[in-house]
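What follows is a pair of complexes built around chain A, which joins chain B in one and chain C in the other.
Let's look at the complex of A and B:
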């Protein structure tokens, strides 16, 4: 008995209707993981868009083009093995916590206009007086 | 494409009380603030376990979902339709890949997920156990099944797990083409010859019950999932999503002069709630447990694809390669 399908391709495959033995996939059957970066237009920032599985870098690029570049505009795709990416452990995330008072390194932290205005007023007062 | 299975919703192998109360409080506070959870954050075991189950089933649904439509690629009416259907099927496979990746970040390997699908341990959306008998079936699938899936996916994309949300946002953007393509296909048939109209009505008749099953069993029959709601794993109930679907699509179906094959389907003007004939939930549970028209064929085709590809994967394997969980 083979599977008879509405799909002529399935019928042609002559898959047995019963007793399909299947040997479970072994670990690493699906190969390593890669992280993918995508640049949509020239001058734009390349951004991380996701991951994929591939047996080597060349195929990772081929798959990345299919997976992340088949629909949207693409000028560049980068791949890198996930294992090569270093990250700061979540336990150490407190290193990103710094003083909340950071105006000294922002433009808004400097009120030049107010100072100038006060000084000019003072000058005027001195002349008129 | 994905609906709500909910058959395994029976919760709580992991009781929340096992969790360290302080960590749990920090986790819940993060969710209450509207922050997303990322793969390396601490999370309750039940949260992890439910998300793996949900994302994995979603991934399987995308892959198995290509089979009923893929049937028609070789027989599509015209080159334009063939190109569009191939693009749609390729997108669905791509969605499966994105979702497997998101599930992997929670610690289940892709090999384990594929093995669980093929052994029957993991489920996929029930609608794909029904056959696509005519070209009009593919039109109804692309329009109405994808419409149901988009409602489900947009809802879930507001959930709390970062990688799942990111995958869903990408998926929803792509699904908008599927929906429009499906609508265009149905409109073409519905505004065509009497034979074409008959064909699309016939497909609608056959697909209506699976469509009504799509968002899962009614809320009154589901196990309470308060904690999953609180943790933003479950973002809307099955009934809420089904109502949203009916609200949007029943008028569009009727506009085409097609008949929804349920004489009791009507919107209660007072409550604004759609009322309909109970779509035989016994059949839903029977099919999900394996006894549907195409369950065997779907898994047999997937098994064959894995088996036939095995020697290629083995030939390409590098013995020194080691697995790393995808980053985000």
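Let's look at the complex of A and C:
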């Protein structure tokens, strides 16, 4: 007995109905992952759009084109092996924290508006006079 | 019209040659599209499944474009009727596209052999004096460039960059598919007429270009091209003589259409 499916392609594979000894793949028994960046316009930012599995960089590019470039306007696709990306680990995410009492480091810490107005007024006075 | 030409401006003898030519191209595209789409959901990995299915859809689009010329310029039936209601003997596709999908190596090698010929053919047609066809040739250029990029990258991966097994299986597929692929260029009476009219330079010229390009791709992939002199090209398809695989494909392809041919989709 073979497996009979509504899908004739599956029936044609002639898979024995009694043999159900499919072994799941071992964890990580798959290709390397690649990160994909998509550019919509010339000169625009390449934006990270997702990742994919591929046996090597060339095939990653081949597949990224269809995976991420077939639906929307695309002028360029970049692929990078995930393993080549340096990042700060989640445990060390506190590295991004900063104490708030440092107005002098922020643009908002300086009241430029009043100074600018005063300067403009002064300029106007100079041309009128 | 005072020159005795029909409304489409094409002399009857040329029209007949052009129709033969267009049906060959479109039937090839339709059947390879259907065959390649048989991998949808069964592809080796998800990413490749998507890419190959997408390529199959592109091929379907190419067949639609050519059937549309036949319908609009030559008053043939509409594309759906042409695709779904003809019987095997009315098709003029080559045997290469009819063969079942086989293993993935066979499907990939067929994809390479077919798409290379397709690319070179459309390249030749870009400057064809039959403008509707030249227009299609220019339009599909980018798609076919990707298809070939996909095919060449895979075959090189399985050959030069693969292991012993992948290389052996790809070579076996090449040995099997090569004589079939030569059937793409099966000569016909229309050839000289189209050449004379500046519509197409001919199958022989195309075959020479194809062999040259293929030789370097195959070398790059560290595979061996069978000797063209020592193989028998699989002719017959262009005259309506097909392998036993075509009719079952047509039945399956048209199964849903035939339930209700007038249905609005």
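As a working rule, the second predicted complex is superposed on the first by the 83 of 129 C-alpha atoms of A that agree within 3 Å, B and C clash if a C-alpha of one lies under 4 Å from a C-alpha of the other, contacts with A are read in each partner's own complex, and residues count from 1 in each chain.
Everything that follows uses one rule, which is that a residue touches a chain if its C-beta (ideal position, glycine included) is under 8 Å from a C-beta of that chain, and two chains touch if they have at least 3 such contacts.
Predicted model only: the values in this text are computed from it and were never measured.
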Q. Is A:79 contacted by the first partner chain B, the second partner chain C, both or neither?
A. neither
Q. Of the two partner chains, chain B (first) and chain C (second), which one does A:70 touch, if any: first, second, both, or neither?
A. both
Q. Which of the two partners, first being chain B and second being chain C, lies in contact with A:20: first, second, both, or neither?
A. first
(Q) By residue count, which of the two partners contacts chain A more extensively, chain B or chain C? (A) B
Q) After lining up the shared chain so the two structures overlap, which partner does A:53 touch, if you call chain B first and chain C second: first, second, both or neither? A) both
(Q) Let me test your reading of the model: by the given contact rule, A:29 touches which partner, first (chain B), second (chain C), both or neither? (A) first
Q. Can A:62 be said to touch chain B (first), chain C (second), both, or neither?
A. second
(Q) Let me test your reading of the model: by the given contact rule, A:89 touches which partner, first (chain B), second (chain C), both or neither? (A) first
Q. Do chain B and chain C land on any of the same chain A residues, and which?
A. 8-10, 30-31, 52-53, 55-56, 59, 66-67, 70
**Q.** Contacting residues of chain A [partner chain B, same complex]
**A.** 3, 5-10, 13, 15-17, 20, 22, 24-33, 35, 48-53, 55-56, 59, 66-67, 70-71, 81-83, 85, 87, 89-90
**Q.** Touching residues on chain A, where the partner in the complex is chain C
**A.** 8-10, 12, 30-31, 52-56, 58-59, 62-63, 65-67, 70
**Q.** chain B - residues contacting chain A, complex
**A.** 38, 40-42, 67, 70-71, 74, 90-91, 94, 97-98, 101, 104, 109-111, 114-115, 118-119, 131-133, 166-167, 170, 174, 296-297, 299-301, 303-304, 306-307, 310, 313-314, 316-318, 321-328
Q: Would you mind writing out the residues of chain C in touch with chain A in their complex?
A: 38, 42, 45-48, 50-51, 54-55, 100, 146, 149-150, 153-154, 157, 161, 252
